[in-house]
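First comes the structure, then the notes that go with it.
Read from first to last, the chains carry the letters A, B, C, D, E and F; within each, the first residue is number 1.
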Amino acid sequence: MFFHHRDLAYTVRVDKPNPVFARMLQQAIGGPEGELRVMTQYMFQGFGYRGPKKYRDLLLSTATEEMGHVEVLATAVAMNLEGAKSEMVDEVITNPAVAARMGALEPRHFLTGGLAALPSDANGVPFSAGYVDTGGNLIANMRANVAAEAIGRTLAARLLEMTDDPGMQDMLRFLIARDTMHQQQWLAVLEELGPEMATNAPGDLENAPDQQDNAYAYFNHLMDSPAPVDARWTSGPSFDGKGTFSVKEPAPPLGQEPDLQPAPPEVHAGVDATGNVARSAMGRFVRGVTDKVTPSS
Amino acid sequence: MFFHHRDLAYTVRVDKPNPVFARMLQQAIGGPEGELRVMTQYMFQGFGYRGPKKYRDLLLSTATEEMGHVEVLATAVAMNLEGAKSEMVDEVITNPAVAARMGALEPRHFLTGGLAALPSDANGVPFSAGYVDTGGNLIANMRANVAAEAIGRTLAARLLEMTDDPGMQDMLRFLIARDTMHQQQWLAVLEELGPEMATNAPGDLENAPDQQDNAYAYFNHLMDSPAPVDARWTSGPSFDGKGTFSVKEPAPPLGQEPDLQPAPPEVHAGVDATGNVARSAMGRFVRGVTDKVTPSS
Amino acid sequence: MFFHHRDLAYTVRVDKPNPVFARMLQQAIGGPEGELRVMTQYMFQGFGYRGPKKYRDLLLSTATEEMGHVEVLATAVAMNLEGAKSEMVDEVITNPAVAARMGALEPRHFLTGGLAALPSDANGVPFSAGYVDTGGNLIANMRANVAAEAIGRTLAARLLEMTDDPGMQDMLRFLIARDTMHQQQWLAVLEELGPEMATNAPGDLENAPDQQDNAYAYFNHLMDSPAPVDARWTSGPSFDGKGTFSVKEPAPPLGQEPDLQPAPPEVHAGVDATGNVARSAMGRFVRGVTDKVTPSS
Amino acid sequence: MFFHHRDLAYTVRVDKPNPVFARMLQQAIGGPEGELRVMTQYMFQGFGYRGPKKYRDLLLSTATEEMGHVEVLATAVAMNLEGAKSEMVDEVITNPAVAARMGALEPRHFLTGGLAALPSDANGVPFSAGYVDTGGNLIANMRANVAAEAIGRTLAARLLEMTDDPGMQDMLRFLIARDTMHQQQWLAVLEELGPEMATNAPGDLENAPDQQDNAYAYFNHLMDSPAPVDARWTSGPSFDGKGTFSVKEPAPPLGQEPDLQPAPPEVHAGVDATGNVARSAMGRFVRGVTDKVTPSS
Amino acid sequence: MFFHHRDLAYTVRVDKPNPVFARMLQQAIGGPEGELRVMTQYMFQGFGYRGPKKYRDLLLSTATEEMGHVEVLATAVAMNLEGAKSEMVDEVITNPAVAARMGALEPRHFLTGGLAALPSDANGVPFSAGYVDTGGNLIANMRANVAAEAIGRTLAARLLEMTDDPGMQDMLRFLIARDTMHQQQWLAVLEELGPEMATNAPGDLENAPDQQDNAYAYFNHLMDSPAPVDARWTSGPSFDGKGTFSVKEPAPPLGQEPDLQPAPPEVHAGVDATGNVARSAMGRFVRGVTDKVTPSS
Amino acid sequence: MFFHHRDLAYTVRVDKPNPVFARMLQQAIGGPEGELRVMTQYMFQGFGYRGPKKYRDLLLSTATEEMGHVEVLATAVAMNLEGAKSEMVDEVITNPAVAARMGALEPRHFLTGGLAALPSDANGVPFSAGYVDTGGNLIANMRANVAAEAIGRTLAARLLEMTDDPGMQDMLRFLIARDTMHQQQWLAVLEELGPEMATNAPGDLENAPDQQDNAYAYFNHLMDSPAPVDARWTSGPSFDGKGTFSVKEPAPPLGQEPDLQPAPPEVHAGVDATGNVARSAMGRFVRGVTDKVTPSS
């Protein structure tokens, strides 16, 4: 279970309230790059983890930290929407070039939130748990988590470029530091698991012997650009130590031309696509109870 | 631009059409782990890439390969929905325990597709581009791509466990082999970029000096489980070579207790939350044209 | 079935067409606070209601009224997108500070609608029936309906603050009046059902005797802020007349530490999380038909 | 900020693992009636609240409690997906009538989660923050929160009807008890605010004098069913003490027949809908830089 | 505005309640092929139409009819979920092969609706207004409407194949008849507009002279299949009377190889993609207020 | 399978980079009117088509062409986000009236894409495969495809009105030309199928004899506007040659007043809606294993 502490995970200080920047911060709350995503991702990876307790703890501790980051950012949004403490706010809002470039205000900050953060992104698109990556496998999950933090730190870097507010800069530098550690810690788990396993998730599945060629060959699908001869992925040993990179150029069509059966009449696929064929496996349930055909239909 | 070749990227052979398995295959087409996601992810990463041509080529060649995988899987779905070629289909469909366990049919395969694949997942949830991860940064993108392939190979491994059809097993083993190469090739790019950059995206942003401590410390948010002393992420050098792991236990509250200003009257936040305060920066646009207040509202 | 009458439910008059305000009005059409939501919510609650006809009538009559409100608002959007009837439009559009603050135009009003309203919110997010709350229970439904109208009236109050157009103000005051009545009428149903039932949906389910303590106790999860002694929810009788409020501080952990079983091999959860355990209930369907394991996978 | 405690908020005991019931429990995790919704709803309402600290505390304490309920339910899902501890699992899974009725398994529990809960509903639809209701107003928020708990308790009641597992019944009875208290506590806040304010959100907005009639009248939109004479909402005092209920039958069309202007040519609305009219306010930005028309377009 | 009539638009009679069929009917309510889609599509097309009143009337009359179809189908769902009137229900529910094939029950019919229809599809995916097609142009709208009815009638035809219930068959045959008329009536509008306009929306936009070749040529993108010589789209006059069909084989690459500029440093695109270039148009707003660069970032 | 060619399908030249226009172009990439929609729509219609090869080829060739259009537009977005090649960019960005009118920048072009296109629309809403229309029937599919191209050409016409950039105008005129051909080619398929079939999808389903009246009658649901006597849809032969148009005025209520059964107790529908009735067909699975009722629930 969880507990809440009165103090924020990091100081939120807004020297020049800037509602345009409040909109930008929403991307770090509810976007695919945001804290609600990693919070939910680590929660569910942790809740369902069946291996050593130390990995479960790591996932849940970090999920709990991310909850606090959501709080930090939501507080920052609310404070950027607050009454101006100085004339500097005019500089932001009444400088229409700045406002116009930055995409202006998120109207729902006023209409819906009443000057509060919302669980959505910089364009007002609601957070979706469809953003969450999980593979039910520690290696796949660690890969997803490194990626989420790498993307998150990139977003924070760009947010840092968008503000001159010293308080906001300080907060973002803290979040950037934490995104550093989080990238490092998920990589640390991968190192513990070893490259043989960790560079080819899931580590407990070997490629079939007759697919060994396809498992380490670069298939070039470009009609015009030959694969580079000196790239790391066209020659040399693979990272899992189980193969050697090669190139297939052009990418070979290893399959047949598709030739689907016509549809049975009950599908109403049209006369052009209907054959005098046996009912499909699926078609069998059609009229399944009595199996009779009604003339008028 | 793109061209299409008549032959499939790999042979699709269905020995025992199984519409329940057709539903399962949909997850590999339109789920967050699926081919439409990686196809779209690599397309957009490639279309917008501004660096060396070889990375752009790698992204677009692989995007093009994934288009062919969507075709392979959609063909496999259609063939699994086809008329039974043998009595073996009865084994699947009339064994209600199997069907019930596997979640039964996707009704839209009949109702909407007329015995065809759909751009959705095993539960009929439509594919969303919200699944796509992109960071506008080669390192972040490579991390996202390794993750997507790691999750994709894990999904394919589980699909392989669900079928005894030799044709379907062969197709899945091919896709598993390709997911192997794709994990390897994205890791190869990261190796080319070097660990200093690649383990801490974006590589061109240094942590602020006063955040160095926070950038390599594990913050333990668990009230009861001390951080492990021997884990890779609690001591030793960081992967970017710029820090040494440490532990902060318990995680420190580095911020203040939030104290938001009351809302101005035009927000209608309720008497409990309204103060006699200056209009907020946002409130200024309220009645912005004339700035007069109408009594009756 | 339904019929349409030529006249609008209320006069729509736009003195100063303002396409920025057209964008704001979209929130009242297609947002979670909007008319499409209540229209759909009352329709489906009414279509499925199995009790006294007067409640069904109330739901469907109000649903029908809301259809007319969608029409009123869509007409208002279209008129705000129309050619200027006076020079006053310049004041709005060529005053970039106003436009920038209000978030500027919804590009799809031109690109998609050709100067018409769309079934989406102020940010162009399409209406989703996921916004609809329904509990299949008159009390739960009435609670959801009071909430929807309370939120809707708050939105309309804020829209009223954003316009000086007398016609738009008049229309919004009408909608605010109707949101008043709708809040009142749903509360009237709750009064008819009586507090014993209506304050604890579903009213036909008693709490288990051994959970009586948990049913009326405030669990304080804050590590630092003691529960207030004088709040209505920390002492005194409960509203359903069946308990007395108390406080549990701190909130008690009433459960165990989770200890999940390792996963069976067919899950490919990774060697760290895989045990030599019996197949899971779910795992049984894996390879269900033949139950044999293929070596190469 | 937040902390995590090793023990669950309530004991999770699964006597007969039942993966079909695991699917049902997902509705209480990621559906519009579920714990992710109330957790997110209370978090964001609390993070943005600008009034007395005791209400903020109440919101954040309860949000924190709901995080623990997500954990409880996710653990229950994982345990229902586990290997059978007894032969009783056969009863569930090999009784196809039960499985078929209950909608069978959620395939993503295996394919994606690897025997773990997911942030989605019983049909695998991902959680969306669009489910979250917030009004930026304490009264509107309390109404939304009573509604969410009323719907949540109704869902839990139905889940209780679907299981004979004593452990699952005990867990659900605990959650039902907590949904009781949560309904009561949000009602307690409304009582503190008083009926004049709380029955008509937002309480700080009076209806316009000329809309008084519309604010307390039931408009009957049914062509055939007269409004009931004895219903609470057709006569008697309103709950806010500011009006008396009346009936308008039939509902009056208070507006005009809409008469939209033709569209200007740049809209390409078709010759049927295009007039020789001044450019619309929106049309002005078309060709805004040079304002010239190109012949060939 | 709208009114409601007590009687349904068509008789709903359910001889054998079948909750599996109730799930199937949901596709016709809330799917992309369903009545909520056409209802919303025609409402918004009508509300925003700026041409002759007879087309607006046609759109709104049909929108109103579709509201009644939603009611008919929602009633049919509720009745299919009702208590068995005979032993025949056993035939459906206790025949697990049928249930399993048909995808079994929609659990939310019980969990959420309490035996009522929901605004979602056969897989429980909520209706989205993203399904709505509108072009803000009568021709484009009529094309979208013919398409929606063609798809809707196809869905109804397949639903008819899935039931032996005489009442359900009768209801579906009525809906099929109405989908016939609706296809015909939208085609009638297109005939009134004339082929020159109606076969090439928007009719008021001529192709540029130098694009005439591209406007009537079939570009063959298949590497292996030559375009058919005798197809209607490879030779002969075009339908708008303005061109003659031709073939370009293979499809010509008419553009250049893309060559994007490197990104400016503030984008943090990575050293591989960053150049010593002028700030981008977008980059200008970065640090826009002061334009100074902070060393530590 | 697919291959990629280095050259773009059409020249992309941007004379005056305009990041506001970049946002507008996104609608043509990821909106319901965009290229990702038609690309996905034609891919899946083609992959599942079971009739003559020439129609499958037509679908897949055009799907492949649309992939190239996505690339063209994504390149155009990236180039519009690039550094200014002249002072003309100032004209766009520093003219706040233009920027404000056009809705200003898409913040995610910088925050997420790092100056690249995204798979979303002009408001940043991610592409959803729910936009895809498919009927599993050649006629229905062709109708959907004509509609998609008619809407797409209308969108392109409006985009053309929004830019003075000669390069962008040229690119849009090319896309408009291709949307012309695509409308024509799908109509060509419909002509080949013949009006009897093609004007009433699915062509292989006749209306029931007793529904003949309803199949060709216009039902007028307007209470005030009589159906026009001279419209093409109120008299004369139908387009499928199987009926004669007529009018039913007012639209007849052909059904009964709904009268749903009360709910069984296990539904917890509330005492108002619960009867002493047999368990519903659905209710049977409640407590299905043991069928016993627990007193305390």
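One rule holds for everything that comes next: a residue touches a chain if its C-beta (ideal position, glycine included) is under 8 Å from a C-beta of that chain, and two chains touch if they have at least 3 such contacts.
If you're wondering where the values come from, they're calculated on a predicted model, not measured in any experiment.
*Asks:* Return the chains common to the contact lists of chain A and chain D.
*Replies:* In this structure, the chains that contact chain D and also chain A are B, C, E, F.
*Asks:* Decide which interface, A-B or B-F, involves more C-beta pairs in contact, and give its chain pair.
*Replies:* Higher C-beta contact count between the two pairs: A-B.
*Asks:* Can you grab the rotation angle between chain B and chain E? Superpose on CA, round to the nearest 5°.
*Replies:* It is a rotation of 120 degrees, to the nearest 5.
*Asks:* What is the distance in Å between the mean C-alpha positions of chain E and chain F?
*Replies:* 4
*Asks:* Just give me the whole-number Å value for how far the CA centre of chain B lies from that of chain D.
*Replies:* Distance between chain centres: 26 Å.
*Asks:* Spell out, as numbers or ranges, the residues of chain A touching 2 or more other chains.
*Replies:* Within chain A, residues 1-9, 19, 32-33, 47-50, 60-61, 64-65, 68, 75, 78, 92-93, 96-97, 99-102, 104-105, 110, 112, 114-115, 123-126, 128, 130, 132, 134-137, 139, 154-155, 157-158, 173, 201-202, 205, 208, 221-223, 225, 251, 253, 255, 258, 260-261, 263, 267-269, 282, 284-286, 296-297 contact more than one other chain.
*Asks:* Does the chain-touch network form a line, ring, star, complete graph or other?
*Replies:* complete
*Asks:* Using the touch definition from the top, list the residues of chain E that touch chain A in their complex.
*Replies:* Within the complex, chain E contacts chain A at residues 91-92, 95, 97-98, 101-102, 154, 157-158, 160-162, 164, 169, 173, 266-268, 282, 284-290, 292, 294, 296-297.
*Asks:* Along chain A, where are the residues that touch chain F in the complex?
*Replies:* For chain A paired with chain F, touching residues are 23-24, 27, 31-33, 96-97, 99-104, 121-125, 154-155, 158-159, 221-225, 250-251, 253, 255, 258, 260-263, 265, 267-275, 296-297.
*Asks:* Name, in rising order, each residue of chain D that touches chain B in their complex.
*Replies:* For chain D paired with chain B, touching residues are 1-7, 19, 47-52, 55, 93-94, 96, 99-100, 104-108, 110-112, 114, 123-126, 136-139, 193, 197, 201-206, 208-209.
*Asks:* Which residues, counting only chain A, touch chain D once they are in their complex?
*Replies:* Spelled out, the residues of chain A in touch with chain D are 1-5, 7-9, 30, 36, 40, 43-45, 47-50, 60-61, 63-65, 67-68, 70-71, 74-75, 78, 112-120, 126-130, 132, 134-137.
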